[in-house]
Amino acid sequence: MAELITYREAVSRAIAQEMRRDESVVFLGEDVAAAGGVFKATKGLLDEFGGVRVRDTPISEEAILGAAMGAAMTGMRPIAEIMFSDFLATCWDIVAVEIAKTRYMTAGQTNLPLVIRTANGGGLRFGAQHSQAVENWAMMIPGLKVVAPSNPADLIGLFAAAVRSDDPVMFFEQKSLYPTKGEIPAGEIVDELGTAKVVRKGDDVTVVALASMVPRAVDAAERLQSEHGISAEVIDVRSLVPLDTRTILSSVSRTSRLATVEENPRLCGWGAEVVSIAGEECFWDLDAPLTRITTPHIPLPSSDSLEDEVLPSVQRIVETVAKMTG
Amino acid sequence: MAELITYREAVSRAIAQEMRRDESVVFLGEDVAAAGGVFKATKGLLDEFGGVRVRDTPISEEAILGAAMGAAMTGMRPIAEIMFSDFLATCWDIVAVEIAKTRYMTAGQTNLPLVIRTANGGGLRFGAQHSQAVENWAMMIPGLKVVAPSNPADLIGLFAAAVRSDDPVMFFEQKSLYPTKGEIPAGEIVDELGTAKVVRKGDDVTVVALASMVPRAVDAAERLQSEHGISAEVIDVRSLVPLDTRTILSSVSRTSRLATVEENPRLCGWGAEVVSIAGEECFWDLDAPLTRITTPHIPLPSSDSLEDEVLPSVQRIVETVAKMTG
Amino acid sequence: MATTTPPAAPAGSATDVPSIDRDTRLALYRQLVRLRRFEERAYRLFQEGLVKGTSHLSLGMEAIAAGVAEALREGDYTFATYRGHAHTLARGVPMEGVMAELLGRANGVCGGKGGSMHLTSVEHGVMGSYAIIGAHLPIATGAAWSSQLRGTEQVTACFFGDGATNIGAFHEALNFAAIWDLPVVFVCENNLWMEYTAIADVTAVEHPAADRAASYGLERIIVDGNDPDAVHLEARRAVDKARTGGGPSLIEALTYRHGGHSRADPGDYRPKEEVEAWLARDPVPMYRQRLLDQGVAADDLDAIETQAQEAVDAATQAARNGPVPDIDSAFTDVWADGGSSWRN
Amino acid sequence: MATTTPPAAPAGSATDVPSIDRDTRLALYRQLVRLRRFEERAYRLFQEGLVKGTSHLSLGMEAIAAGVAEALREGDYTFATYRGHAHTLARGVPMEGVMAELLGRANGVCGGKGGSMHLTSVEHGVMGSYAIIGAHLPIATGAAWSSQLRGTEQVTACFFGDGATNIGAFHEALNFAAIWDLPVVFVCENNLWMEYTAIADVTAVEHPAADRAASYGLERIIVDGNDPDAVHLEARRAVDKARTGGGPSLIEALTYRHGGHSRADPGDYRPKEEVEAWLARDPVPMYRQRLLDQGVAADDLDAIETQAQEAVDAATQAARNGPVPDIDSAFTDVWADGGSSWRN
């Protein structure tokens, strides 16, 4: 019954699943309706749900998210698209200072059931202003939930959980994953926020990855096994907030070694957070330096040869993990 | 010859010192000129330097920083004030996506000698939207230098270094420190970016702190000594980017224990970065779990009783460090 | 420099408007006086050190909150700024909850977590006070969109200062509301000053809101913000239009703050003659006189004043006696589950 | 929906303007043709997979870059968007460096680190191409402020699309430039479409830039963006005004892109008649005809075309042969010291 679809197709499936179920779910963003999105990830939604519930906006990111916030506070469950995650910077006040804080500041009077979905990350040679991995921007703001799926099934399930949550969820779709395929089960798919997944079992080292780095970590794990005899456990974090520390820490305690793999530039990435938690809570179990594999702390270059060099590669993961485990 | 001045007074001294020296230094911001700033930290500058070089702006944070960036690219050395660091969210695109990346994207064609100064942090009962400590927002963006002084002398010296740097510098003034006093030497004060300072020597544990947390860490160290017999070395980071890892790591290697104290909310703060570096590079020297003392991961409450509870206090530092060192 | 004297007779000024009935006028006066007394008390409590952080008063500007609120009905939404005591109270939020919030007490409308700048009472349609200039205009737009989607007849009113007209969010929200015909009334309280800088010094047009209405296909509306009747009539027109599907309006109300921007600021950067001219147009005595001229008995007005004073006294008492928030409350309400946990 | 046909005779249209001399006209034509040939080639290289990321062409819109650049002088500044090939070349930046940058080669103007969306050549006053809508308007304002501070007579020109008029940065920059009388010329290239959405569908006024000029105390200027003479004359007027202390201008130039928004987009969301009507007003043949009508010899024009083609061929060759950037260059130029180290 399982079906093979792309990550890109999963997006419109996910939105449609929730819009069918709940009349209060609406969707807005730039070029999302008539054009079906610049990544063609929202095709068909306008046709199925009509122009009232699926709506093209002006290039006004603050107004888009303001509209989503105001609607969420008053009974709707909006999904807002910010086309590239880089553009979150143009409406960061609405995200970080308004949406994230309003429930708290009002002592729980306001509900904020909204999802901000956005195409995140590099690898498409779009240069420094259209390639950032910014999930750490969101993770550092109290009041935001943060999700980043690595495959179509997780995308649909976590998206459903995000829409059904009464909290604001930042939903990062890794744009380099749009063409990738994965199986999805038949019927409604609903997953749970705050749950990591062990995607490959192993004993010698725990490798924690997110989104585009998950397939690379899995590939690296295969090579570590075959080339170095190292058994790596790979965990797909999936949800940065809430964070499934239980799954991560119990693995680290068992393997005694932790490496994180992230697209974030080096400083203050989510890897630093995960490493810090392990360095405090699993300290006595650790047998090797805590290791982060990241994009270096530079803006992303546009040229393909340079971009490929700086994003964490399978090769770099293999070498780094082999060294720390050796 | 030393003189005792407030952190607040140090701001206008610092700006004046650099404006006297260099004609290309100009200063703009909201209410900075005629009113001398909402924190009265820029009093007297309009009188001394006139309305062309010291200028009040509309409430247009993007325009303020855009103006600073464009001017910096074309031969000036602007200082721009963003009144509260929270408001950086309203112009985050200009900071993180334009200013930070342009030198790199243009392969070094553009110079960006500008300073963004801003009042950062909590403790004044201003509530969630006027109290954030956001130095980690800046630290995570490649291309920004990030400075946060803890006392008047450092403020002047680091500010001078920031103005003289050809790179963009985010200069965080901790607003709770404005009324605090410190000695400054006579004459011109020029310090160096990227240098941490050991402000108290110790052997048992390294406590790394920034800005408002430095005096608290020092007080805590005194109490740790007298009440627990623990000898804590306190390091004032001063500059997050560049980061003086040499000073920090050599201390940690010697004491074998690291605690960071930060006002940032918990996730992905600069403490996580420092802890991660130590967890990788000093791993074999460590004798205790890596420990972060932070504001919990919540927006800041307005009420004084609540705010005092959540910001890291001397008491909390003492208890936490005593426990990890015990 | 800023206009130094108040406009002699701003457009929309209404010295005698038969379409406002006596009950409404009395309601307006009651509101004006309540807001005035409340703000005076808030200032005193700030001076006593009981209001800890900051506080921005609407002293002198009460006619706008009163006039607009009187044009709204239950279920309508309002969005205010950090200068939002008046707008919150005018929607019927009990004084105790507001006063206690200023004092950071557990019986405050936000349990002490919001403070003076973030007054909110969702049950009264007061959808929040926002301390980032301009940010709430898009949010108010969203609330209006929601009413349109849900097919209710709710109207949203959004208050902001003259200074907010120069920030990007203003522009985005106005265009957005206009193209989707949203039921929202944007009310610019032009008190001629931002914090310590005159709006005229940093704005390319004379009327920072009204002179920009055309950019959004909207009518240019300027009203005497010290005249409750004038404000009320314009607000009623705009609210009716919004309620019947006519889309948004942008009203610029000219007014002046009696005191400084916030806290203990004496406001002495403003030209003396300007201050005096506007003080002479204080909406409270002006409106009292108008009611007297129209034959309302002085006793009736006195009674209103006494009531207001008593209400403020009672609220002050309740706020002073309010409990300090429980420490645990710092860790509630980050999430919908009531807690603040970000991990398992 | 969007205007489906081009305006018959937009304000500012100039079919025969004696104040433009023959040399200028030839220069304009030379520029037009260079830009056209370059963009055609860029498209082909994209299709061949040599331009890797994305690419936004000015095919059909070349008259604006040409007309404005011709009004500028050495030392003036320009700021462009991701759709900036034409604006970069029009300032005299050698084709090789631009083409090589599109191909991500080391001989590109940004050493392959910028790419199609970030063309920059400071030595030619091309202060960058910016890929975040609206962001460069405040930055251009800053460059103009700098010229004012330094007392030079430099003028800044800032190009942007119709879609940029609805983002906050537009509003902030325009007001800022106006109140400080800055020497900046804002040029809105209104090609009726954003990416796949018509500007008319999301904008409260018909002319997204011009109808908002009054909000900043500026003149309403609309020009036929497919007429190099008309653009050039308006630009000259605005540049002269800026250079002599008259402050900023906002020009809306009506135009149309021949192809899609970016990459391989065929642009087929646009009404067929609209596309056809605009294709019939292609600035290159139109201008060629005008020059012929004015007595320029066909041979002279043919020579210009041949030259342009040769230049593009040579640039293509140089770009194709350009070295792939050295890996180390990924780690240079984060900081002024040339490196990327954030620690000791």
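Order of writing sets the labels: A, B, C and D. Residues in every chain begin at 1.
Quick note on the criterion: a residue touches a chain if its C-beta (ideal position, glycine included) is under 8 Å from a C-beta of that chain, and two chains touch if they have at least 3 such contacts.
Please read these numbers as outputs of a predicted model, since none were measured by experiment.
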Pair in A-C, B-D or A-D that repeats B-C, with over half of contact pairs matching by residue number: A-D
Pair exhibiting more inter-chain C-beta contacts, A-C or A-D: A-C
Centroid distance [mean C-alpha coordinates] between subunit D and subunit C, Å: 45
For subunit B paired with subunit D, centre-to-centre distance based on mean C-alpha positions, whole Å: 40
Intercentroid distance (Cα basis), subunit D paired with subunit A, Å: 36
Residues within subunit C bordering two or more other chains: 110, 113-114, 118, 130, 132, 135, 166-169, 172, 175, 179, 201-203, 329, 334, 340, 342
Subunit A residues counted as touching two or more neighbouring chains: 57-58, 60-62, 86-87, 89-90, 93, 97, 104-105, 127-129, 142-143, 241, 267, 297-299, 301-302
For the subunit D and subunit B complex, residues of the former touching the latter: 77, 109-111, 113-114, 118, 120-123, 127-128, 130, 132, 135-147, 149-150, 156, 168-169, 172-173, 175-176, 179, 329, 332-336, 338, 340-344
Subunit A residues within the subunit D interface of the complex: 30-31, 34-35, 38, 56-62, 86-87, 89-90, 124-130, 266-267, 296-299, 301-306, 309-310
Residue ranges of subunit C touching subunit B (in the complex, touch as defined): 52-54, 104-105, 108, 110, 112-118, 130-135, 163-164, 166-169, 194-197, 201-203, 269, 324-325, 327, 329-331, 334, 340, 342
Subunit A contact footprint on subunit B (complex, rising order): 86-87, 89-90, 92-93, 95-97, 100-101, 104-105, 127-129, 132, 136-137, 139-143, 241, 264-265, 267-273, 275-276, 279-281, 283-284, 286, 288-292, 297-299, 301-302
Subunit C residues within the subunit D interface of the complex: 166-172, 174-175, 178-179, 201-205, 211-212, 214-218
